[in-house]
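Two complexes are shown next, each including subunit A; its partner changes from subunit B in the first to subunit C in the second.
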Partner chain A sequence: MKHALSLKIGPASFRIGSAWRQPVEALARLYADYPTPVDEVADFTVRLEPAGLFRRWFRPSIYITGDHGLADAAPMSLAHGLLAAEMGMNLQMALGWRRHLLLHASSVEKDGRALVMTGESGSGKSTLAAQLGERGWRLMGDEFALLDLATGAVFPFPRLVSLKNGAIDVLAAEASPARMGPLLAGTAKGDIRHLIPRSEAVGRMGEGALPALLLFPRFGHEADIRTVGQGEVFMRLTQASTNYVALGEPGFAALTPFVKNVPARAIDFPSGDDAVALVERLWEELA
Partner chain B sequence: MSARLLVRALRDPDGVTALDARGWNDLIAMARAERLIGTLALRIEDRPVPEAVRPILSDARLEAEREARQALWEADRAAEALAGLDVPVVLLKGTAYAAAGLRAGQGRFIGDLDILVPREAIGQVEHALLRAGWEWVKDDPYDDAYYRQWMHELPPMIHAGRDRMIDVHHTVLPLTARQTPDAGAMIAEAVPITNELYMLSPEDRVCHAAAHLLADGDLAGGLRNLWDIHCLFDEVDADALKARAARHGLAAHVGQARRLAAALYGEGARLTVWDRIVAARLLARDGWGRERRKLLRFAFYLRSHWLRMPLAMLARHLFTKWRKGHRPA
Partner chain C sequence: MPRRYCQDSPDAIASCVLEDMVLLYHRPSGQTHMVISPVPEILATLEEGAALTAGEVHVELTRLYDPGPAEEAVPQVEAHLAELTTLGLVRIA
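This part shows the complex of A and B:
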């Protein structure tokens, strides 16, 4: 394709092709400190194509596809090209990755052990992971946690953190402006700004950690902590996994010890600062 | 750039060892787009490949295994649902190849379960499947009526619990097609795979695959279907095939399928002008996995409709679909 770039994020590598210059330039700037796969074969191809016959030039709009795609994916404005590229990579992982059990979860690491947080979009798991990543934890990923099928370790997928709406100002106050991407206003999920993970998170992106605590965060509620039974944990993690069914027995064999051995809590919190304190406390008590 | 790279790799897997990173990226994207990555991975076997390629191919092999396991389970469920009817159930396409362990099934992507049953039993079969948990996919009355009046299969059904589709065929081609292969004869000559399930005879397998590739549809996924045919030729007797193809009115299609398979996957063949046009359509894919030759593709899309229905009917059909908001891809 006319404009192309290769990226390596955690264990996965991507070849991204685009009909336009802008998305590739934005990626190149924000992923500048990531290792470049030189002359390497990519695990996945991502394509950003014009969404219709004249959509390259006239009201340019992007159809996101690649090795794996969704036929009914909504076209996106070229102004949101960076987001489109990120979504394209996520799509390949969600539909095509088979080397780990893929959990839709954020994760951070401290002292060689991992904290995994899962929940629906808007639960605050991504923001919480980003905040912890600024305060002494190593950010492993804000979107996918990769559970190793043999060892049970969690491996990082530290792509750019996708900050939404209120979370943008929270993190902009903590991180240096050079680590913030452009403001993408008015996307389908509201305003979005990307945050480049700290250099330690990028430098150690090949390093896994054994999971020590699982949290189900929920933002915007009175502070509360509840225990979650193993049956419920199992069900919620299978729902949070995009490839649990596809992996078959190895997926079950990897998830079972995780559910049995990792303490789990559901936490509600009214604000980010409350949440960080709550998480630090639970980590001291349980992990 | 065309899919020749993929075709060459399938024909002569030794050649892949000379590919550079760019070549591998192109080959993998094409193979995924044509749903031939599992087949390719099995063809390459344990030949030396770059470090980064190895896990991609082993993922593809595992995926193919899962694909076959899931397809066989679906066939088993359908056999169970239809067990009381005393109707022969003939597996078609990928599921049949996998169930019988044919070369065409090795690494093959298998989508829906396709079965062939006698036309007079179609009502019973439909009821039995509905009772066993399958349900209609098309909620549009026009589509439903169209299938029932003109197609060679029931409207597709999906299993509510397992989310897998079944296509129940009662003949080979749409009732409006120019050729009328003898589905009754195919069922009569079918060979058993298990106690409940059958597959077509070797010659009928080629006839069926050639009819679907060349007398129906727009050649989407054609490289995969042609690979099937290339492998299916292994098991047929040339004279028996000739007689069988003539009986089904498919002699020309089987002949063309043989030439195309030999030209792309085998020892080569002399191609007619029409063969070359079909081959160009089959190869219309680039190293990013994108569809190429949009006009040629569109021409084959139009042809697929032309094959299926007389002009007045086609006009009415396209107008109805257009009013409902359907646009060709």
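This part shows the complex of A and C:
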């Protein structure tokens, strides 16, 4: 394709091609400190193509495709090209990654052990991981946690953190402006700004950690902590995994020790600061 | 003649006991089933190649548990065996 870039994020490498210059330039700036794959065939290709014959120039509209694609994916405006590239990479991981059990979860690490947080979109798991990543924890990822099939360790996938709506100002107050991406206003999920993880998160992106605590956060409710039975944990984690079924027995063998051995709690919280305090307390008590 | 039931194959199932249920991974289908008592106990009576009727399963269960009087428990065991057959975890011998 006309414009292209290679990236390595955690264990996965990507080749991103685009019909337009802008999305690749934005990626190159935000991923400048990430390693560049050398002489390596990328695990995945992502292509940002014009949605129609003239859509490269006339009301430019991006169709996201690659090794794996969704037939009914809605085209996106060129102004949201950076988001399209990020979604393209997420899509490849969600549909194609087989080397780990992939959990739709955020994760952070402290003292060699990992905290994993999973929940639906809007639950606050991404914002909470980003906040912890600014306050002494190592951010491992805001979107995917990779559970090693042999060792049970969680491995990082520290892509850019995707901050949405209210979370943008919360993190902009903590992180330096140089680590913030452009404001992408009016996307399907509202306003979005990307945050470059701290250099430690990028530098140690090959380093896994054994999971020590699992949380199901829920933002916007009175503070509450609830124990979650192992059956419910198993069900919610299989729902949160995009490749549990595809992996077969190795997926079962990797997930069941996680469910049996890692303490799990559902936490409700009214604000980010409340959540950070709650997490620190539970980590002290349970991890 | 009452039906005889056996496990799908000797190594068809990998199981994992959780606090509140048992997970059964069925290797031939790749499906994971979440079951609660008395299903794991019924499946256990069919281990080591046993091919039993619902009545015989009930007799085996009474050795370890109290499944209740046969006239009520045997039809329930038969219903569970029929469900397990539908899922592929049990076969008619």
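We take it that the second predicted complex is superposed on the first by the 287 of 287 C-alpha atoms of A that agree within 3 Å, B and C clash if a C-alpha of one lies under 4 Å from a C-alpha of the other, contacts with A are read in each partner's own complex, and residues count from 1 in each chain.
Everything that follows uses one rule, which is that contacts are C-beta pairs under 8 Å (C-beta built on N, C-alpha and C of every residue); 3 or more make two chains touch, one makes a residue touch a chain.
Being a predicted model, the structure only gives us computed values, none of them experimental.
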Discussion item. After the superposition on A, what does A:248 contact: first (subunit B), second (subunit C), both or neither?
Written reply: both
Worksheet item: First (subunit B), second (subunit C), both or neither: which does A:271 touch?
Response: neither
Discussion item. Just checking: does A:234 make contact with subunit B only, subunit C only, both, or neither of them? Give me first, second, both or neither.
Written reply: second
Discussion item. According to the stated criteria, A:17 is in contact with first (subunit B), second (subunit C), both, or neither; which is it?
Written reply: first
Worksheet item: So, does A:260 touch the first partner subunit B, the second partner subunit C, both, or neither?
Response: second
Worksheet item: When both complexes are superposed, which of subunit B and subunit C contacts more residues belonging to subunit A?
Response: B
Worksheet item: After superposition on the shared chain, which partner residues are touched by A:66: those of subunit B (first), subunit C (second), both, or neither?
Response: first
Worksheet item: Who does A:199 touch here: subunit B (first), subunit C (second), both, or neither?
Response: neither
Worksheet item: Can you pull the subunit A residues that subunit B and subunit C both touch?
Response: 248
Worksheet item: What does subunit A use to touch subunit B in their complex?
Response: 1, 13, 15, 17, 39-43, 45, 47, 49, 66-68, 98-99, 246, 248
Worksheet item: In the complex formed with subunit A, which residues of subunit C make contact?
Response: 14, 16, 18-21, 23, 25, 27, 30, 32, 34
Worksheet, complete the sentence: Listed in rising order, the residues of subunit B that touch subunit A in the complex are 20-21, 24-25, 28-29, 32-33, 50, 52-53, 55-56, 59, 62-63, 66, 69, 288-290
Fill in: Contact footprint of subunit C on subunit A as seen in their complex
229-231, 234-235, 238, 245, 248-249, 252-253, 256, 259-260
